[in-house]
Amino acid sequence: MAYLEVNHLCVKADTGKTIVHDASFSLNKGEVLALIGESGSGKTTIALSLMGYARRGTHIAGGDVRLGEAHLKDLPALRGNRIAYIAQSAAAAFNPSLNIMDQVIEAALVHRIMDRAQAEAKAIELFHALALPFPDTIGQRYPHQLSGGQLQRLMAAMAFITDPDLVILDEPTTALDVTTQVEVLRAFKQVVKDRGATAVYVSHDLAVVAQMADHIVVLNHGEIKEQGTTAEILHAPKDDYTKLLMAAAEPTNRVVVDALVQPVPLLEVRGVNASYGNRPILKDINFTMQRGAMLGVIGESGSGKSTLARVIAGLVVPTSGEVRLAGDILPAALSAREQEHFRRVQIVFQNASTALNPAHDVAQILARPLAFYHQLKGEAAQKRLLALIDMVKLPASVLTRRCTELSGGQIQRINLARALAAEPELVLCDEVTSALDTVVGAAILDLLAELRRELNLSIMFISHDISTVRAICDDIMVLYQGAVVEHVRGSDFDQVRHHDYTELLLSSVPELRAGWLEERKARTA
Amino acid sequence: MIRSLPLSGKIGLATVIFWLLTAMFGPLLAPHPVGEFVDMDVFSGISSTFPLGTDYLGRDVFSRLLYGARYTVGLAAAAAMLASITGIGLALTAAVGSRVLDELLSRFMDTMISIPSKILALVLVAAFGSSIPLLLVICAFTYVPGSYRIARSLAVNLAQMDYVQVAKTQGEGRWHIGLREILPNMIHPMLADFGLRFVFIVLLLSGLSFLGLGVQPPEADFGSLVRENISGLAEGAPAIIVPAIAIATLTIGVNLLIDAMRGKR
Amino acid sequence: MSIYRLILNRIASALLTLLLVSLVIFIISDLLPGDAAQEMLGQSATPEQVAALRHDLGLDRPAYVRFGDWVGGIVSGDPGTSMVANMPVAEVIADRLPNTLRLAALTAAFTVPLSLLIGISAAMNRGGRLDRVLSISTLAMVAMPEFLVATLGVLIFSVKLRLLPSITMVTADQPWGEFLRSYTLPVLSLSVVVIAQMSRMTRAAVIDQLNQPYVEMAVLKGVGPVAIVRRHVLPNAIGPIINAMALSLSYLLGGAIIVETIFNYPGLASLMVNAVTSRDTPLLQACAMIFCSAYLLLLLAADIIAILANPRLHNK
Amino acid sequence: MDGPMPFSRRELLGMGLAATLLPDFAGAASKPRRGGRIRVASVASSTADTLDPAKGSLSTDYVRHYMAYSGLTQLDRQMQARPGLAESFESRDQMVWRFHLRKGVTFHNGKSLGAADVVYSLLRHKDPLTGSKVASIADQFLAVRAVSTHEVEITLSGPNVDLPIILSQSHFLIVPAGEKAFRTGNGTGPYRIVDFKPGIRTIGRRFENYYKPGKPYLDEIELIGIPDEVSRVNALLSGDVHLINAVNARSSKRILAGGRGLLESQSSFYTNLIMRQDMLPTSNPHFVMAMKNLLDRPLIKRALFRNYATIANDHPIPPFHPFYRDDLPQTVLDLDKARYHLRKAGLTGVRLPMFAAPAAEGSVDMASILQEYGGRVGLNLAVNRVPADGYWSTHWMKHPLTFGNTNPRPTADMLFSVFYKSDAAWNESGWKNPRFDKLLVEARGEADFARRKQLYGEMQGLVRDHCGVGIPVFISLIDGYDKRLKGLYPVPLGGFMGYTFAEHVWWEG
């Protein structure tokens, strides 16, 4: 008999909307099952209901979850004891006011499994096992003093302190940089194996899941689309949706012909330094971007890639250096720039929903640059609006809606359209697909490539995802700790010998096949 | 919109609408002029001639209440409006203005808020004499700092939003950013704040009338009605109970409505 | 920025505010029509008499000289002489300040734990029946004019039941029972206003934290609801709660005027009203300064507590 | 004990004044006994509270001063001057008066009373730095000198029959010579001040060496002020205080129902409408007549004062006064007449602000009533209620229409001189009537009662017909008391037995 069994589970919002519909699956002891799906698929909701928990405003409306002998109603008593949970964002899931040790051992003390001294000893042992720095003293620290990767591993220690039978990992590496992710994944996998725990792994990332899971359950819109062993799903997907997911995860080359790039420098950045307070963020950045080019800027969090975009856009004033656009110096401070400067450089932010004012409707948002830069009003503006909306492949009906009523992909298109409305020479795209689901993000990338071709745009594409950058950019620049460590032409990327850091980045991207994690470990070891 | 409100919200909305209508049309319905002496007896109980009894001078409580609604609701609404608008305006100025201006405004608001309002009212009335505009100014003045505090923290947060950053990179001026990008997103939360201020002002007005600083007689706001008839409290005269209930329903109604609106978000 | 720098900054800005306050107070008290000389001599005064007294009191000097003198006096610890009582202001205030502080302290001791209890219970049951009952009852409390509540209390407990005194007498050698009896009604009347405010703010602050992911994490670790509030929520909500409490408590000083009037309590607020009506400017200004500095002090204390309670700031 | 009095007692105001006692008071026939402590709440108390009799300005001050100090004379129940610290006093011409001091009287600190103390106490009122409230009255003291250690001679600037009565007033109480600080209340009065905190409380303990044998009766009196009337009444009803003054007539029912006693003192206390004769449009005689005809006196008596008032006829002498002239026709509410006079004055439809303040008792409500009736005859009166503080200095007599409020005075002469004489500082309406002024001086020096009554009678007529003052009613002063407190009787000069209750009352509890 299976150890964990989910039968016809149904979760509904209090408003009556179904979130999870009739989900059934099972899992044997010591195995790892992955719940995979995009946002809104109900994967986290199912994971939480394995602990008999439903978030505020939702409730478990039917079905059962059985864990060993325990049924749905018994599960709350097992939380933190026999079932442990590892949350997506460790930074938010740790209480900022308590030190790490108190939080790690809390579950053990609450359930009276051991006394404080025993628990602390066990925790330190786990810190060692999870390869945390300063394992003996890290417990005295507070969450704000630690990095995301460390916190994520500490959360694993928190989960394993009571030697649970079932561990639920809810997108535990999504918030991490790719190089950190590898180490954390490895630590997780090791500790799950060592302790013989049964695990449920929730993720949107097929490649990651491929490294962790024995079984995969594919979810979409609250329904199970397909389930099977990892090998079955990866090699012989049956369901259309699964195929779609697979396709989006495969890198596609969208690089367009070099012919678009004119040998005229459009953007020149010379000796730019920038800092927040005393902390240097950008160190002596120099590069040139040709008109019509698509420059990929890649780096992890803290590399200074967003600051670079902000310096060019004028939001951050550099401590030294200059930025030229088509030969003209762009004044450093916003207040010194003229309207034409503003028009020629447009920035598109990562989080489209916060980049569009929720108080205005789409037409108002798009009409503003038309009137502001081009003095377009009335019918002319209306015509241009429709053209813009068409350009980003949205129906004209969205014009009267507010962005709060639109989906993530739609909002990002509006965001692009606003930038295009200015008829800019340079568009700065700051992680424009990172907040989107893979499938939606892929469509945006296609749109970008197409717009570039049609409008002869110059685009600076900033991303943490090296495979995306490789797929669409014809010029690649790698930022590491505020400095440019590598700048190559996209077409030469596979040929040149890379900087060590670039190598690390490249090798850290999980591949869509089982066993990659172990192989990489063998390789780097 | 109305249908989606919880029951308490609907009750609140109904009460608020009731008092608004009373404030607007009450005087038209009043059977007697506000200052007329209609009864030989004082503090008489509920009767067919005087549906809510008579007050300490033998005037019709029902009529006085209908007239009083205009002062209480009107004055409180106007003062709350004035306080909110001033608070929001200054907050926007602080949010988009220079840091020095922000600091200066904030310190000034701290100064204003630290002076006890009833005593300030006492001084101002002594200095300028009691009048409706002065009452309005006092009430507004008292609640500008509170409104400013909330509006400023909202505005400063909103000023960090990406869409404001975008507007900056598009070359929009300070005032465009303040009025077009930030302000529209403050309206909703400030509406709840406005409701709270309204309630506080109703109570402040009644406190002022206790100190003899209220509306000019023979007119009276609810607070003055309670105060002038307080000697009828021991005998349970409707002249004091009815205006007290009026204040209670008005404040509770507004609060219920606000809470319901907040809960929806 | 180090934590000391942060605290010093707060103190400096409080001092700056205090300076502004003194200027505003001076201007406001100068706005008052008439002056102490006129009020002291009353209806019968001849203009010559008034002028003589005015000169005697130094009221005929230009405003900036008087302001300078006054601020100088305050800084050196001498707020001047009450024109009406003809006693040093410090002495007049020394009679009243302890009363005001005692009433405020008693009220705080009663209301702070109670509002915390109400606010937290409501937050823990947010949307539930207890929450609704508590929020309606706190609302109902605040919906009645203070003077009505106080008068009603006197009618019921003093006049009808004869349980509690109707006026609050302050004497040095009161036995404890007598002391508590005499403060019960004023404390309850004041509480009505502040409990509602404080418990609502507490509820909001606690709910804010309850919605944080780390609370969900704690729930999923099997921590019980009471422990969650005690161990996880309160340390994080303490900042906003303390701030709200400071704001409400500052009301207990200057806002007590109505309660002081009804219970004939010799506190600072009625002293200040007295000073307004008798145009005793030095006294008026001193009282106003006390209220304003008390407010700033409370807020400053709240800020400092919030800073100290925040590990992000003191674990640098 | 009574010394020779060379003037007719019948001339004095207060003779045969109606002293209404409520039935409860009948129990006061019991014998005085010693002991007991009471708490008394007066209407007001502030930092201006003082132990300096010259500066007394509120009822609380007067009570405190009568506790601590004694006067040369004392008023009896009939408002006649009786010997106090002065064993006897005499004058031949009402100009030069001689006072013979009692021997063996000591101050609380043990010092004995002498002529120097009296001279100092009276002359200090003439020093502007004293800030005396009665400086204008003291102006008539041309000279005060010690004839011997126990004999004082006062020379007046003109004859004044009423001097002994004037000297009984609290401002003229005797303080030790050279006293300036007034911190301790060192006097010869019935109670030693053991605790005095301005605006908080005064505690007086029985002075064992008081010059009247057997008096006072109480061990201790605590005097506090409760400005809020409702609170004051509640304190009486709850038993926290035993005697209060300035009870609003509206509270009378509650006090009686609560088993407490009510002491009504009919007096010449009134709140009046002032129509300035030197401003437009109130100087128009027709306007004045119109306003007098707009006063609904029975309504004011009933609604504002619950019948604890006496209808007045626009002059300051009440019907129960010995000098009252009873043949003047009573002015009544007459809208037709008012309309007629208004039309004559050409003021129909005019809008006039009317300033009232709680400082003038009942004025705000009187103004409301006037406004109501004014509306019916085409006069648009706007009530302008201003705060009590500052009212006297900034509004009273400074606008065409204001309200005044006059406390009872011990003599008709004082009333007329202070408020109606053409050159009086407080000539509220600013009227000028040479005939009136002449009669006033004549009456002051006139020793014959009948002649005096005739003179005062004519003056009443002049005020009623020509002065810009509308007096609707005389307001009774009401005290509330615990029934265990005995020995109270009404004095028309003010509540608290004309503020002198301390030495007269005793406690049966």
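Letters A, B, C and D name the chains as they come in the text, with residue numbers starting at 1 for each one.
The rule is short, and it goes like this: a residue touches a chain if its C-beta (ideal position, glycine included) is under 8 Å from a C-beta of that chain, and two chains touch if they have at least 3 such contacts.
Keep in mind that this is a model prediction, so the values were computed, not measured.
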Original post:
Higher C-beta contact count, B-C or A-C?
Top reply: B-C
Original post:
How far is the middle of chain A from the middle of chain D, if each middle is the mean of its Cα atoms, in Å?
Top reply: 88
Subject >> Separation of chain B from chain C, taking each centre as the mean of its C-alpha atoms, in whole Å >> reply: 22
Subject >> Intercentroid distance (Cα basis), chain B paired with chain A, Å >> reply: 48
**OP:** Among the residues of chain A, pick out those that touch two or more other chains and give their numbers.
**Re:** none
Subject >> Multi-chain contact residues (two or more partners), chain D >> reply: 230, 388-390
**OP:** For chain C, jot down the residues that touch at least 2 other chains.
**Re:** 32-33, 151, 155, 159, 261, 276-277
Original post:
Can you list every touching chain pair?
Top reply: A-B, A-C, B-C, B-D, C-D
Subject >> Of all residues in chain A, those that touch chain B in their complex >> reply: 313-315, 334, 337-339, 341-343, 345-347, 349, 351, 354-360, 368-369, 372, 418, 422
Subject >> Touching residues (chain side chain C, partner chain B) in the complex >> reply: 13, 16-17, 20-21, 24-25, 28-29, 31-33, 132, 135-136, 139-140, 142-148, 151-152, 155, 159, 250-251, 253-255, 257-258, 261, 269, 272-273, 276-277, 288, 291-292, 295-296, 299
Original post:
Can you name the residues of chain D that touch chain B in the complex?
Top reply: 229-230, 248, 250-251, 253-254, 299, 302-304, 306, 358, 364-365, 367-369, 371-372, 375, 383-390
**OP:** Give every residue of chain C touching chain D within the complex, in rising order.
**Re:** 32-34, 38-44, 46, 48-49, 52-53, 56, 82, 84-85, 87, 92, 95-96, 151, 154-155, 158-159, 162, 165-167, 169-170, 261-264, 266, 270-271, 274-280, 283
**OP:** Would you tell me which residues of chain B are touching chain D in their complex?
**Re:** 33, 35-37, 40, 42, 56-58, 122, 125-126, 129-130, 212-213, 216-218, 230-231, 233-235
